[in-house]
């Protein structure tokens, strides 16, 4: 217990980094995932192909490698720099990698959601003269989103937990790294681990609860 | 609903618009690809020198294949253990005894909520102080993967058994089978068929998660390919990342293809009266949406 | 109920199988020196990813640590050829490997520190490394460690070398206001240094020399050492008999000139490194 109290400020600072990463990645992954799914159902074969290839490649690559690549490939080689301050830069590189990765799962969830929207909806949208983007934006996606609230919640929870892999992207400030560093100094400490687990649960459980409540509330009766 | 319903067969103006869009997207994608290519080129990442190691047989026999075997070993052991764990706890959650259900439920929900890397770190540091010294990289990795994926599989097992129509169990009871016989002879065989696609999908996740072993220095594909090869061949870091990435994608995609194929077969099959269980995180399975599953 | 019993049996069987797969014992000797003398066999831990010191090239590792290790175990075996099983010993699992006998003896850029002495018996040191700074050859802005103020230096996960620059004593040394760039390992640090996202890598000069040797002309070491890192031979806690024998072997290695020759072989190219003139002062075997 003493260890937990002694290192609590460091661990808390680390955990807040996880929360920050989660919040930003959640927004970016949802936006990017929606763009990806629009590409995958679009009338333009090239966009469809590009979306499919992107999703299949990124989704099947271990996150460790995705993050390592965003730090070593994008930043060091291509020269993508978000900030002159190294720690800020690596923070955004992790955001970039994690969002790019999570977006593929958002895309897959949404695509499954689109598949549950009845044919008649799309046909009716076309019948009243809506274009592809209009029918997607006004008719299809709103319904698709409602059916996939729960799976999206799962994707978000996985993403929150995945912020601990930020080490692989060279971001050495979040809680998993702090915990490891502390264990290196003091040896294993069960209170620290349990404390962090509770902290994560305090975030993930409400997300799961809220999304499943929302899911049943928003469910489209068919 | 099939996706081509979203838009009409294009008329002349639509065709024109589509062609313009196609052209535009080709230009954008190609220029993005070219930009990446050019920047890599400027940094000398396409030079034959740093790619040459991968044409060398010894690179494969000394690093990549042993690394791949390490990955498959960790994945294989974890898969077996996770299936056992999942079966035990999945069935325990269906137990008639309330306390068994409660304990199993608590265990499953807890391990699903813990970030896997945190769990692996913890086990890695805990093991030596409990069991004395030793090489705990594999054990920590396998134990972490087992506890997490086993918990997800437990949910799949539970959903699978529940997906068998209740008439089946009732009929089995009516002809005088005992509880264990109902489960073993009637429910499980049907449930397993229905669960197969979801199980294979989860095994893909498990295989991908073995890469976390890299962070605790387990000798896996990522460690051999991404740490040792660039250390031996200076400058080959990016080529190594690409080659290793291709191997992982290939492995996971073939497993995913197997999952899709199994699911199609299950949908056609008449060996089960249960519909296939959706992989956790998929649509239409609100029960399994407590904690995330993908990594 | 029977289904559950079957699963339980399976679980036990699987656990047992995985345990036996990892285990596998052999006869015990009272010390590593005795084992070497009697059986000429040893399990030897080195780094596998450290150019110049211990780098797995093909089936076996190579480097300064590896050559010293070969010399020492041969001496311990009474001059006979030794059957060596190589085992990677990363920084994170060296103590554990020694404690339970996964490896017999470790030569892995293993600095002797007070906290490690509590868990490990150290022979040697066989060489003293010094923390130094490596920069790009064309970078003239950094000439001495104190120039690192305001520069970007590498923080390799699991290594505390950066603290000597950024923190005041006792943990650190220079207390400079440098910016930290995170990386998973020193190889990544060096890759980043080549990619202009980093100004300097600072750690033991021998490690730096190994990296510099891989890319001749690209990086330079400042040659301004500011700490002593005594590389010791890791032995199971309490194995003083082997420790004494190791020290005798190291003394001989310096007397017959092998040590200097090996140093030149692996680090001769690097600038800013001083070859040792005699054996370092040994730590007491405890």
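For reference, chains read A, B and C in written order, and residue numbers begin at 1 within each chain.
Simple rule for what comes next: contacts are C-beta pairs under 8 Å (C-beta built on N, C-alpha and C of every residue); 3 or more make two chains touch, one makes a residue touch a chain.
These numbers come from a predicted model, not from an experiment.
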Leading chain pair when contacts are tallied as C-beta pairs: A-B
Most widely separated chain from chain B, with each centre as the mean of CA atoms: C
Chain nearest the overall C-alpha centroid of the shown protein atoms: B
Length of the line joining the C-alpha centres of chain B and chain C, rounded to whole Å: 36
Centroid distance [mean C-alpha coordinates] between chain B and chain A, Å: 17
Whole-Å gap separating chain A and chain C, where each centre is the average of the chain's CA atoms: 38
For chain C, residues contacting two or more additional chains: 184, 188, 191, 194-195
Residues within chain B bordering two or more other chains: 43, 215, 237
Contacts with 2+ other chains: residues of chain A: 68, 72, 77, 79, 167-168, 180
Contact footprint of chain B on chain A as seen in their complex: 40-41, 43-47, 50, 56-57, 60-65, 68-69, 72-73, 77-79, 105, 109, 112-119, 122-123, 126, 131-132, 135-136, 140, 147-148, 150-151, 153-165, 167-168, 175-176, 179-180, 183, 187-188, 190, 193, 196-197, 200-201, 204-205, 208, 211-212, 215-216
Chain B residues touching chain C - in the complex, by the definition given at the top: 43, 58, 62-63, 77, 80-81, 84-85, 87-88, 91-92, 128, 132-139, 142, 179-180, 183-184, 188, 215-217, 219, 227-228, 230-232, 234-235, 237
Footprint of chain C on chain A - complex, ascending: 68, 72, 75-77, 79, 81, 85-87, 89-90, 167-168, 170-173, 177, 180, 184
Interface residues, chain C side, partner chain B - complex: 1-4, 7-8, 10-11, 14-15, 18, 22, 48-51, 55-59, 88, 90, 92-93, 95-102, 184-185, 187-188, 191, 194-195, 211, 214-215
Of all residues in chain C, those that touch chain A in their complex: 152, 155, 157-158, 179-184, 188, 191-192, 194-198
